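Below you will find the structure I want to go over with you.
Chain nomenclature is as follows: A, B, C and D, assigned in order of appearance, with residue numbering initiated at 1 for each chain independently.
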Amino acid sequence: MNSENFSISEKIVSPSYIRQGSQARRSHEQLIRLLLEQGKCPEEGWSESTIELFLNELAVMDSNNFLGNCGVGEREGRVASSLVARRHYRLIHGIGRSGDIAAIQPKATGSSLLNKLTNSVVLDILKLSGVRSVASCFVVPMATGMSLTLCFLTLRHKRPKGRYIIWPRIDQKSCFKAMITAGFEPVVVENILEGDELRTDMEAVERKVQELGAENILCVHSTTSCFAPRVPDRLEELATMSAKYDIPHVVNNAYGVQSSKCMHLIQQGARVGRIDAFVQSLDKNFMVPVGGAIIAGFNESFIQEISRMYPGRASASPSLDVLITLLTLGASGYRKLLAEQKEMYTYLAQELKRLAAAHGERLLHTPHNPISLGKIQRTQPHITGHVSGWPPDTEQQVCDSTGLHAVHQAGVWGQGGCPW
Amino acid sequence: MNSENFSISEKIVSPSYIRQGSQARRSHEQLIRLLLEQGKCPEEGWSESTIELFLNELAVMDSNNFLGNCGVGEREGRVASSLVARRHYRLIHGIGRSGDIAAIQPKATGSSLLNKLTNSVVLDILKLSGVRSVASCFVVPMATGMSLTLCFLTLRHKRPKGRYIIWPRIDQKSCFKAMITAGFEPVVVENILEGDELRTDMEAVERKVQELGAENILCVHSTTSCFAPRVPDRLEELATMSAKYDIPHVVNNAYGVQSSKCMHLIQQGARVGRIDAFVQSLDKNFMVPVGGAIIAGFNESFIQEISRMYPGRASASPSLDVLITLLTLGASGYRKLLAEQKEMYTYLAQELKRLAAAHGERLLHTPHNPISLGKIQRTQPHITGHVSGWPPDTEQQVCDSTGLHAVHQAGVWGQGGCPW
Amino acid sequence: MNSENFSISEKIVSPSYIRQGSQARRSHEQLIRLLLEQGKCPEEGWSESTIELFLNELAVMDSNNFLGNCGVGEREGRVASSLVARRHYRLIHGIGRSGDIAAIQPKATGSSLLNKLTNSVVLDILKLSGVRSVASCFVVPMATGMSLTLCFLTLRHKRPKGRYIIWPRIDQKSCFKAMITAGFEPVVVENILEGDELRTDMEAVERKVQELGAENILCVHSTTSCFAPRVPDRLEELATMSAKYDIPHVVNNAYGVQSSKCMHLIQQGARVGRIDAFVQSLDKNFMVPVGGAIIAGFNESFIQEISRMYPGRASASPSLDVLITLLTLGASGYRKLLAEQKEMYTYLAQELKRLAAAHGERLLHTPHNPISLGKIQRTQPHITGHVSGWPPDTEQQVCDSTGLHAVHQAGVWGQGGCPW
Amino acid sequence: MNSENFSISEKIVSPSYIRQGSQARRSHEQLIRLLLEQGKCPEEGWSESTIELFLNELAVMDSNNFLGNCGVGEREGRVASSLVARRHYRLIHGIGRSGDIAAIQPKATGSSLLNKLTNSVVLDILKLSGVRSVASCFVVPMATGMSLTLCFLTLRHKRPKGRYIIWPRIDQKSCFKAMITAGFEPVVVENILEGDELRTDMEAVERKVQELGAENILCVHSTTSCFAPRVPDRLEELATMSAKYDIPHVVNNAYGVQSSKCMHLIQQGARVGRIDAFVQSLDKNFMVPVGGAIIAGFNESFIQEISRMYPGRASASPSLDVLITLLTLGASGYRKLLAEQKEMYTYLAQELKRLAAAHGERLLHTPHNPISLGKIQRTQPHITGHVSGWPPDTEQQVCDSTGLHAVHQAGVWGQGGCPW
């Protein structure tokens, strides 16, 4: 209520109580003010009542909720079902305009604020999680794979001759399809076995670049989060090489935000070399429903170019989910989850080691992979890490060929992702 | 959001859009202002978004929703289940204080406002429905019967010698039990048959008063809404007699608010004679869940006395329901329902007449009953309206004794109430 | 979904997945089965999804939710506002019938089940909390005070000559008004000071009984939960005396369920003597919104008599709240809260002692009061525990007259209740 | 509840009432059965209680809601915020798998059913709305523009030489960007002015095809719904030509489902010639929040190819919205909206004509456009319908160049879409 209404209320309930109530309201307003001013994830999580108050305030600013408004035109945010209206807090207009998914909608001031704040809060969390120098990001209501596709499609306009994408192998279907869908030819570079770990074969990568010619390569497409025995790519080396040959570099960081190691790799890569964009899933990193991703980078104008490639307005649903979640957790709540994840990982590794030993198996030593663990039968002479032939005939083949059975880590996070 | 937050928002989304959003918010505030200022049911119903905004504003003013508040004492409005908190819009403190169900709670400014406004809006609707001179009323979270009990218990303190309650017979259990529970002796006065109608036997009533002695009579307990062939009591005559003998008069108007005839009777009774309180059900008259009633009267201080008799705080749930409902309907929506009810009644009477004729039955001619209709077999020699012997051995007996089968009226309202 | 629908679903999604889904559903059904079979609070709390599934199932059984149903009669559970319908899970019919608040409603099978189960689960919790031999109880949608009134009104019919209620003094308004409202004369018996504690003066009580004559006494009205320096009444002695003189005995156990000591006193009182009913608040003991109470006792038929005194149907809202809450907590969750309360009490006492010492004050030694603590200025010569003159002119007077400032206990529970 | 639980309930509440409740439940089950069996939009809309019951049933089948389930792996559907969980009805897993957005997820049987049923119900509505021979469709959580992009990217794999997209001009940014984003070169073919209408210049289109060579053309990209004075493209002729030259044909039917004329054009085009896919917006046609589209076609395997191009799982939110909405409206409710739209259009045209006349303007005669209306100043010598130069320097320029001010149609639908 505004001050006028508080004054009138003093005639109904005693002024001192109303003042107390008005101050209480003010403390919610203060939280909202801080959010608007700083655009950062609040240190302490908000109560549900503050969150719902805030969302109601945003909704009231959208034209579909204007009282007495009779929209004759288009884009009126009409909703037939009250169940649907309610579950979206009456924020119906989606985000963005035809021109740009990050643009402001004249008819939807509240939704526009929601969109801007979400991107800003998410940027803050990316910094907090280790990529201190990230310059810009936006939430897109598409899965990681489709978001990678959007990045590749944007690069096409900058590299008209680019046909190939250099891709250190990772056995995950979406990111492979992301390249195919965008219309490019993935150039799979096999990893090499170092100890138990499958790591980026930098020599092979550079050989491929020289062989195909830098100008014919759309970009390097590297990966952080993955299943053991594969470990995150050597991002520093890949970034350095990308800079050297002036090739764009896109990182698939699908479930890497929750791992300080993955985030550190990205930060380092950007510091010493070239990373144009890194893409992460919303559901895996922020415990929201499936269907959104964050596209982030170190050059604001390139990230804007990507956001301008999305043709049309888009669903605000993933943005709404991640904003509610981060306001609920607060930065401290998110850091706490990150710490728990590390603890759980260590505990799991230790227990798995014991379990494996009891069954004549051995836990693979993959210290560079902060997310996933694998084990192997002792009787097997050696691990054949180099798996050839893409795509495999069946899912089973590839999994078996390494003689490994991945064990995904327990904990608050979904770190895995079945290889297929 | 307050003006400060709107200003900050202008740096995020263009100022002109924010101003538009701020104006939109203001139009909700204006509705709330009118409600606070006038305490009347708004002419036009509010949208769900205004209602929820308003309830959120109220909740924020209750101390259980104060941010950073750590209540050490009692009455902190603690809630274990978030499902429960949410369904009450986080308004947890109930209404009233130990001293008075209508009193303001220091820890619950929002709930107190809710309570005051509900009573005020309901008073407005009682006026609109025909009792123009009603002076005061309050919603009580008890059924009609228990609310009548509370009225009788209040009267006890004013009439220490009162033992009897004069009660023109109505075959409904709750109102009978209301007197028994309060510890009084109901003096059942049989009705007389006029044409097809069972009407108050004024002579018999007055005879009883003289016989028992006015000072030994706690009150007259009359009834408006009832099943045919009974019709509403002769309120004017009963009120006149009550005034003459200086006996309090309590009217059971259970489902009478939705009938202009019942309300007119009460208005007339109060004009020419004495009516101390009239009690009506929330669910039947306002289409809310079962469990609340309105106690109303023409003398503010007596109604306050009743509200002060309720020991302890009380559930705000029925108040919340009726406030939401009236804000949703608006005065115009409520009037529309009243008009529909009349139309439906006429239609039902006409169709029942035809149906009865087709089955060798006859619709009873009960023009004084605006709510219920009855029919009778033509072969039956005459209606035995005078049923003696209370209480009946079984429910069935009484119903059969009149030889009638009540047909309750169709329509938007639940007007009936099975005789038992 | 029923088995038929699961079968059909197997044509849409693979049978093995559907079977898994069907088994998952079955595990929810199992929880519901246990609840229905045993009528006990589940050991482990239910998830929100099980609770909402269950409430939806109940709602579907109420006639207002019958598909294609066009209710012509009364009591159709019509609801004008969808906000209202939803917040009650479409359970609109309330509980009970005119005849009995515990009765089954033909038109509301789901609400009737809800009512029966709630009473059964609450009975289980009363046992778990220490009153092992409790025979019957029911939730009533009225505050503790009004519920006490209902008990007294019921006793009137059994004790027509009873005019007085013997009441060891407790400075709380509602329970005093409960007697006044019911139309009885409270006979206040002052407590005596033992050390720092104000305790029941058994001699004075018995003297009063003899003086007034047992047959003129409606009942003894004792209290467990209270503020220091008063401690719970000597229930064993009072119960023994009640048995000796054949006087009913009603215990005000307002916020005593959460205290094993209070519950133990009741159990012991009933074992060695006579306790007819004990009444407790829902909000203080179960962390639900204000407005409900539990009336319990050791003789099923007497408790039924009370439930039959409530005239009319009643709000199901408090029953719904307490059922949701207990299903959410589970018996283990409730026990955990009880344990926490004890811990917090000890911690608070210890810290208050230190704080008092630092300010020249002294924590009162009131070991019989497991809920509240008080402190006193050392400079004050002695505590004047005997406060005479009822009712006090102002609230402040009585509080000051003891020279005490009660400090309510911190913790998860609201144990206090301001003396007024 | 299952039959076992109903049996147990008979011991608590009388068997006959339980049977009634069980039958009531069965009537909801019957509605669900029909939906599962036929996969069609129910003729009559469902009540909110049936819809929520059904969604709860689906949610229970998803593994994140399995009781006692402790997911160690990935994709566990973990949700940090209960606000978020609830607004998605605890359906967290999204839809599809990495392989295919239409695929079944092993961990999410309920979400998979939801996805399949939504696509099936939407297919039914497309048929009902006029495209009787549509073979397959799927809902995709992306705007119309991005969905067109996905169609073009799919065609790339079938037409490796295709560089150009033939596009009869329409001044709307998203569909233009859809081609650019996909990496193709839009070949804009200007429309010709026939009377007041801007219509497809078939000669110019065919000339372009011959000029560029059919094999170099990825597809023809036509449009139905548009602003006056443009009218829907000559779909029959375009489809015939596409068939003749063996060029794929994709139709942008953004807000055309609600217009029987647009749907008829598509049906006819497919009958006489070639239409590979037609794409429509969810929000404009189904009154749901922004962010989803339907990709439909006449060849099931091609539509599957498109659905397999989406890399990764996707948000279920738009599918959930459209399913709730169509179940709420029912086929009859949807037909009623279609009929209202036609009525409103006629009314608007008539009133606008009068208004225009009063201001020295003239309503354009555009009978082929069933959605939008335009007017022109009489003083202006002639309409310059041929607008050259793409893209325009500013939005304003293009709008002005036609000398028209489009007036969007009033009504229940948002048919417009500002030209930009």
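Basically, contacts are C-beta pairs under 8 Å (C-beta built on N, C-alpha and C of every residue); 3 or more make two chains touch, one makes a residue touch a chain.
Here's who's who by UniProt: A, B, C, D = O-phosphoseryl-tRNA(Sec) selenium transferase.
The structure presented is a predicted model; accordingly, all values stated were derived computationally and were not measured.
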| item | value |
| --- | --- |
| Interface composition of copies subunit A and subunit B: same or different, split at half | same |
| Farthest chain relative to subunit C (centres taken as mean CA coordinates) | D |
| Gap in Å, rounded to a whole number, between the CA centres of subunit C and subunit B | 28 |
| Separation of subunit C from subunit D, taking each centre as the mean of its C-alpha atoms, in whole Å | 56 |
| Between subunit B and subunit D, centroid-to-centroid distance (C-alpha), Å | 50 |
| Set of subunit B residues in contact with two or more other chains | 48, 52, 82 |
| Touching chain combinations (by label order) | A-B, A-D, B-C, C-D |
| Contact footprint of subunit D on subunit A as seen in their complex | 48, 51-52, 70-84, 87-89, 91-95, 98-99, 141-146, 148-150, 153, 156-157, 172-178, 180-183, 255, 283-284, 286-292, 309-318, 321, 324-325, 328-329, 337, 408-410, 412-418, 420 |
| Residues on subunit D engaged by subunit C in the complex (per definition of touch) | 1-2, 4-5, 8-9, 12-14, 17-18, 20-22, 24-29, 31-33, 36-37, 39, 47-50, 52-53, 56-57, 59-63, 65-68, 82, 86, 90, 104, 106, 109-110, 112-113, 116-117 |
